[in-house]
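Below are two complexes that have subunit A in common, paired first with subunit B and then with subunit C.
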Partner chain A sequence: MATMTTQGPVAAPVPGTGGGLMRRLSVVTGVVVGVVLAFVGWLVSNALLPSPQEGNHKTDAVTLITLICWAIGFLVGVGAFVGPFRWLLGRDLSHEDEEFLAGKDEGVWRYFRFTTDHKVVGMQYLVTTMALFAVGGTLAMLIRTNLARPNSEIVGPLAYNELVGLHGIIMIIATIIMVSGPFGNFILPIMIGARDMAFPRLNALSYWLLFAAVPVLLSAFFLGGIPTGWSAYAPLSDQAPPGMDAFLVTIVIFGVSTALAGANITTTAVRMRARGMTWNRTPIFVFGVVTSVALGLIAFPMFMVAMVGLAMDRSLGANFYVASGGGNPWLYSNLFWLMGHPEVYVILLPAIIALLEITPVFTRKPLFSFNGAVLGIGGIVGLSLFVWAHHMYMAGWAPPLNAPFMVTTELISIPTGLLFLVLLGTLWRGPVWMRLPVMAVYALLWNFTIGGITGIYLSDVPVDQAMHGSMFVTAHFHYTLMGAGLTGALGALAYWFPKMTGRMLNERWGGIGFWTAQLGFNVTFLGMFAVGLAGQPRRVSDPAAMFATGNLVSTIGAYVIGIGMLIFLYAVLHSWRHGELAPANPWGAKTLEWQVPTPVPLENFTVLPVVTSDFYGYSENGSREAHPAAEPALTPAGVAGGGGSGALPPETAAPTGEGRD
Partner chain B sequence: MRMLIGASATVLGGVVAVGVVGTSLAHSAPPPRQLRASVQGVASTPEGSLPHAFLTLQTWPDSMAGPHGKDGGAQPGWVTYGPTTNLSVPAHSLVTVTIQQYDTGEKITNPYFAQVHGTVGNTMTVDGKTVNAVDPAHIGHTFTLHSLVTNQDPLFVSVPLPAVADDAPALANGYPKPHTVTFSFITKGPGNYVFQCEYPCGDGYYAKFGGPMSTQTYMEGTVTVTGTAATAAAAGE
Partner chain C sequence: MTATETPVGAEPPRTPAPTGRPAWRRPPVLPILVLWLVYTVLLLLFALFVPARVMGPPASPTMREIESTVTSFSLASAPVAAMVWAILTYSLLVWRYPGKGPPAEDAPPIRGNNKVLATWLVTSTALCLFLLIWGLVVLAPPASVASTATRPPLVVDVTGQQWTWTFEYPGTGHQVSDQLYLPANQPVLFHVTSKDVIHSFWIVEMGVKIDANPGVTTTANVTPDRTGTFTIRCAELCGLYHSYMQTPVHVLSSNDFAAWLRTAQKAAS
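Take a look at the complex of A and B:
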């Protein structure tokens, strides 16, 4: 390993002296400092702010200050500012410090620290995403339980509204990070032949910001919830209880986190690809993640700005969105949907494109039209910025713009269809190697057809006049977000699980869980289409008796989803601990992440690879290459052979230990 | 086999988690206090001589005067029925309801609900005048009582509550002079019913049907028809 760093004044401190404090920081100190600072913030703001009267909003101000103090305290305590602080003192981090930060020789504790290794960050994201889905899923079950019978009043109507809002935002956050977080961090740098992210410390910061935001969001449960739904439309959100303050602080923290992650991943993919990896030799998954996070980089600041305005409305009476004070609620809806529509592609792109990455591996064919896929992605990204007002047809804002927005919205189905065609073309004339990751491809093709086509209906102004605000809309977006997005992410998990955990995912139980959930999913949301068409409004806790049958069907379906997901979860957890040990390249795939050993060494590559062809050349010499010999029973043609690599291992050895930020 | 047990245990764990969160949520909000109709004598009705019970309700433009306490509770700005939305009336009785309607209003989406349905004689009185419908362009709320999908006796009663003029002056209590609407209906056997407003008054919610419109203790509530013609008045007050 390297002995010299190429950057900074090297003070060469002895480990344990320089940065001794740094070595004691972890999530535990983070929580302690966070709670203490939050308490101080609460005390001070309570004492200093004028008591409530007309025109000031003390409760909201105190809540905001307390929650922000928590976040800052937590980040200080977890060690997020050690680097900048040391730099200010003129004692930059030594090489040993950097290695400590990267989690070298630290065992499992590195997962609970401000660790810069992209693989650790990826695992942290994976576990966090799974936890968020568990919470959001529990809330979904309660929503559906309440809707099982008309006027059941299981949770009571106020609690119902809060459940819907919290379920919505928790799921949205989870789906935004579900691919770019775990796989964008763990897999992408290896896939492009890099040793780490461009900015490893920012990478850790983006994760711990997310971590800090989670308790803030959950605190909304105890502060009156988010009874406005996750869209937090003004002026409702101006009037909502302090749970709304928790919501907006969450969004601001999450916005910073995604901005950092977005800049980091984009820089990494643009600047740090292996030698020879030109753009048309770059795996398609990289395009999916980069366009997703880059789109987020444009979209999420809108939401942050909207939330800062809301915070000022609520705590200072700024009246941005309050019509009686000269503000305009349409300003809010525009900012919200300027984020909201691109966001659905932030969610969808990496999930679908993960499946585009997977399919060639299991069909042993090149991707059907790589350029078509890239074009499709580009078209979606471009158009997605110009469709937001299709959410506002019925809001009364700028009616002459309805028709143009209808056109842009319907146009976007063309590049989306193109991605679909690439997927179908790659599957065409199989033979497909039927393993768990490909199951997601089949499920997605079905679900996304329904989700996509109902979306075209809704984009039509006259149809939306009738459908707007109904359960039909809810069913539509669940078909896209869950049927396509989450399904794609599950496929990605099944595919990269062996590389990330070193063990094979139990396909039998994983498959049972997966298909149970898919079955339940279609029952649930086809039922929801039915009640939506019949006129059931969304976000209403006590639907009329005429919708009873459809709602009961949906609820039964939801429980089937729940059971399926839990079985899948168990398969994941069990395989993680006890699964069969995975070979380095169980699928015989050609991309670089499968060419490094499992578990992946700290610096990924001993020598940086040089790329001489693309990664999809499975049938270059006319005959299809066989599937890896490791699984002979499952190979279609029974031909043995090894999965080759598109990358020629070491040609020029790049100097090791070169500057890591 | 071990996988089967493990997977089942995980599913069971999930069910328990949903159950625990659900029950704790359900208990976090105490049920609204109940208003029981007071029986005063007997009345002769088209169905013979029946016990006569009385109820008085209000519809408020906000929650400061309803069941949510002086500060208006969690949603001070929401329209609400008062004094509570948990009602109980005796079975096989004539029930006379008086509603003081304090809110302004506009045109109702569905003019069906501007008519009177299911009351004795299909009429009601508005400030003393007997009518069977009101102007659909000036409705504040409706009181619409209906059955759930059960096999109990069907019951459907719906009366429109006319709007107070926008420029009506406020009285000492901060609200304008209300319209007083009175109507009677006959209950059948015991059962659980719900009532709500069918005028979309949930401002700010989709199609104005969410929020207070679908929230018990605001524009929605329950009516329990009890087995015996109890005489107690306003229990739990």
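Take a look at the complex of A and C:
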């Protein structure tokens, strides 16, 4: 991964003494051990399990065992258990070992090892997210290509259903991690003035679990796909091919990964904030990430339980969801949506809140109503746990509950409106320094207005009779997850890119790609709203001829998105290698991550900062000088000298007046 | 500018302040109000004519109610969207600061405004209540239908299976058909179930939708009020040929329906 070289130390690494066995381990040994153990698991389970008598339970059991063996083998091979194992043996890691584990002086190889440094984990998440988006986006292009004209036989109904399922789950995983993974790991600890996460080894484990899950998920391509949509409704998923087993193993591994990451990030933010960083001085982005991962902690286990039940149905004939065996499909749908609706906010919150963090920097004024934003986040998180059954209005399950769920669902529009107000209030009266990150705010305000209002139609039970399960729903949730979520994540990437890679993101190509994608996005999904209103169901491989025009419009729009995203990707990759070198604080922001050098040193701060006010004091605290030369010291307004300038180390605190000229 | 030349933690050099009063200091209320009005009018026109038109002519009172709900929700949300977009447009056009460095002068520090916050909360709560009350009223079982329905509802048993629908008329000697025939202006009660996976029984033009679940029977009712041929589509992914699980619905006058029942019974016997 040559593109990462800018991150590595310049000097040739001096080999340390620590590490021991860990020096020999990397993603390569992980893959080798994983494949070997998977093969062993396949051989043993094939030999020992009884031959199929009823149904194809044996195939499913063998697939499950093989995939689980892969994951365990990979984790052993990559060195995930070296630390705990040595602790058990009574030979705990020495300081040198810990430094090796943190990737000290390892150059690029630290990205391919079980490395505990939160910045390395953040970069690993970033690259993985981008790869997942590339795969999921390609699948979306195939879907839209098939729908361009009626009666098209480009992929056929079987492959079409598999594409829809894989596109769905790949994008869901990518969007869940797209902000909390890269920026929650790389930026958040620095932002709160910590030297690393609370549990660095768990942090590495959460990433490598995700890494182990990706091949499992992709193996579904070769095991008959996931022809059920990513919701995998039972009992359809009971009769699906072994690709379904790959899906459910993925979900279980991913669930463990997000649980570890969630516990870790939450603990870090609660326990490791700098001295003086009270909750009302904590940057709003921290609230976004923490509420998101904490909500995931509550929600995702539901999905894992649903998947364990499905695994038992498929491999043991447990009949949790099979009506003829005494089971109930509504059990599955309830568990699924108990995760499914909070999950929407797990995706949305950090992306929107990242833009709340960005807006004050580019408008040079405080966040309009910090308390309003926190209230909005809290309201959304609280309500989001009590709205899941609005996905089941038309299921026939408990019709008397439709009205209460309609009430809770529509109430969510109030806290969501508060977030809009805070964004608009921060933009109010400008100036808005027009750089790429803040453009995402405008795109989000446009898209999320549409996404939010169309959500209100769907929340209304009578209207849902016409819209549930139609393309209108597909368009609506793309407007929220992509139009708001992904847009926010792109804004966050443009904003933190200089800190993470040491280079500026090329704004010309980045901007062209971004706006091309936004234009294509609106064309695509406005077309989908139209066919949805006219009555086209979701997930149909061959829609009726009456929907041809709308579908063609959507397909053209989708290609425009594809082109825009490729341009943006080019801008990212090119800037990563050849971009203009970034100063430590190119945006003149006040939060702590911009006060440390770029590239960020191993432990972020040599002396931990002390915080005396919040980080939005633009134009306050005497920093409102009109002339740059008269700017006071470059410590952020919010960071006290803590007894002189000693709170920040010499190299991170800022230079004095001479440095300016 | 390279990393070595710039002091760590430094802010980038600011562009000098433009001469005269910066654009973002002017009170922008009037132009934003104008933008807001223009957008609101455009969105109101859109709300009045587009969604209901795209949804097509309704074939039942249920669908008529749905379309009027969609229209009124669109009307109610028009000024809200217009306001967001008006501020967005104005800010993009007038408040932009195109410099390479951050603006020379920081903006006025607006840390909240309780009046604005309160107004916003009250307005959004009022809008939300409007939606809720509207939705709950429409959702409430219409007592009038039950009392005015002089005839008992026609019961139709609907069974979904991969990938076809079967209709049975239990009140009429268990007539079975693979297309749905309904009399106009008579309440119909569907008993819906499935033989295999979950399907969703959706008569598009009538605004009727209910899942067909294996092992349970769910119900839905409608009074078709327009004769003609309409479409049933399955609205829940149900496997390979989900997209072909479509069946016509024929709504006949009550005489024609009675005639169809007679011929179908003859054909069966």
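As a convention for this text, the second predicted complex is superposed on the first by the 599 of 661 C-alpha atoms of A that agree within 3 Å, B and C clash if a C-alpha of one lies under 4 Å from a C-alpha of the other, contacts with A are read in each partner's own complex, and residues count from 1 in each chain.
Keep this in mind: a contact is a pair of C-beta atoms (placed from the backbone, for glycine too) under 8 Å apart; a residue touches a chain by one contact, two chains touch by 3 or more.
The model shown is predicted, which means the values in this text are computed figures rather than measured ones.
A.B. asks: Report clash or fit for the pair subunit B and subunit C bound to subunit A in the combined superposed model.
C.D. replies: In the superposition, subunit B runs into subunit C.
A.B. asks: Report for A:A548: first if it touches subunit B alone, second if subunit C alone, otherwise both or neither.
C.D. replies: first
A.B. asks: Does the superposition put A:P301 against subunit B (first), subunit C (second), both, or neither?
C.D. replies: In the superposed model, A:P301 contacts neither subunit B nor subunit C.
A.B. asks: Which partner chains sit in contact with A:G276 here, subunit B, subunit C, both or neither? Use first/second/both/neither.
C.D. replies: After superposing on A, A:G276 lies clear of both subunit B and subunit C.
A.B. asks: Where does A:G469 make contact in the superposed view: on subunit B (first), on subunit C (second), on both, or on neither?
C.D. replies: A:G469: touches subunit B and subunit C.
A.B. asks: Quick one: classify A:P235 as touching subunit B (first), subunit C (second), both or neither.
C.D. replies: both
A.B. asks: A:G317 contacts which: subunit B (first), subunit C (second), both, neither?
C.D. replies: Touch status of A:G317: no partner.
A.B. asks: Report for A:R539: first if it touches subunit B alone, second if subunit C alone, otherwise both or neither.
C.D. replies: So A:R539 meets both subunit B and subunit C here.
A.B. asks: Spot which of subunit B and subunit C makes contact with more residues of subunit A, would you?
C.D. replies: C
A.B. asks: If you stack the two complexes on chain A, which partner ends up touching A:T145: first (subunit B), second (subunit C), both, or neither?
C.D. replies: first
A.B. asks: With both structures aligned on chain A, tell me which stretch of subunit B collides with subunit C: 2-10, 110-118, 146-154 or 164-172.
C.D. replies: Here subunit B runs into subunit C along 110-118, and the other listed stretches stay clear.
A.B. asks: Check subunit A for residues that touch subunit B in one structure and subunit C in the other, and list them.
C.D. replies: Common to the two interfaces on subunit A: residues 157-158, 161, 227, 233, 235-236, 239, 468-469, 537-542.
A.B. asks: Write out the stretch or stretches of subunit A touching subunit B in their complex.
C.D. replies: Counting only subunit A, the residues touching subunit B are 134, 138-139, 141-142, 145, 149-151, 153-159, 161, 163, 224, 227, 233, 235-236, 239, 241, 468-469, 506, 508-509, 512-513, 537-542, 545, 548, 562-563, 566-567, 569-571, 573-574.
A.B. asks: In the complex formed with subunit A, which residues of subunit B make contact?
C.D. replies: Touch residues, subunit B against subunit A: 3, 6-7, 9-11, 13-15, 17-18, 21-22, 25-26, 28-29, 74-75, 77, 146-149, 194, 196, 204-207, 209-211, 213-218, 220, 222.
A.B. asks: If we count contacts the way the header does, which residues on subunit C are in touch with subunit A in the complex?
C.D. replies: 1-3, 6-14, 17, 22-25, 28, 51, 54-56, 62-63, 65-66, 69-70, 73-74, 77, 80-81, 84-85, 87-88, 91-92, 94-99, 101-113, 116-117, 120-121, 124-125, 127-128, 131-132, 134-136, 138-139, 192, 196-198, 200, 202, 204-205, 207-211, 213-216, 218-219, 231, 233-244, 246
A.B. asks: So in the complex, the part of subunit A that touches subunit C is made up of which residues?
C.D. replies: Contacts found on subunit A: 157-158, 161, 164, 227-229, 233, 235-236, 239, 323-324, 328-330, 362-372, 394-396, 402-403, 406-407, 410-411, 413-414, 417-418, 420-421, 424-425, 427-434, 442, 445-446, 449-450, 453, 456-457, 459-466, 468-470, 502, 530, 533-535, 537-544, 580-588, 594-598, 617-620, 623-624, 626-628, 631, 634-635, 648, 651-655, 659-660.
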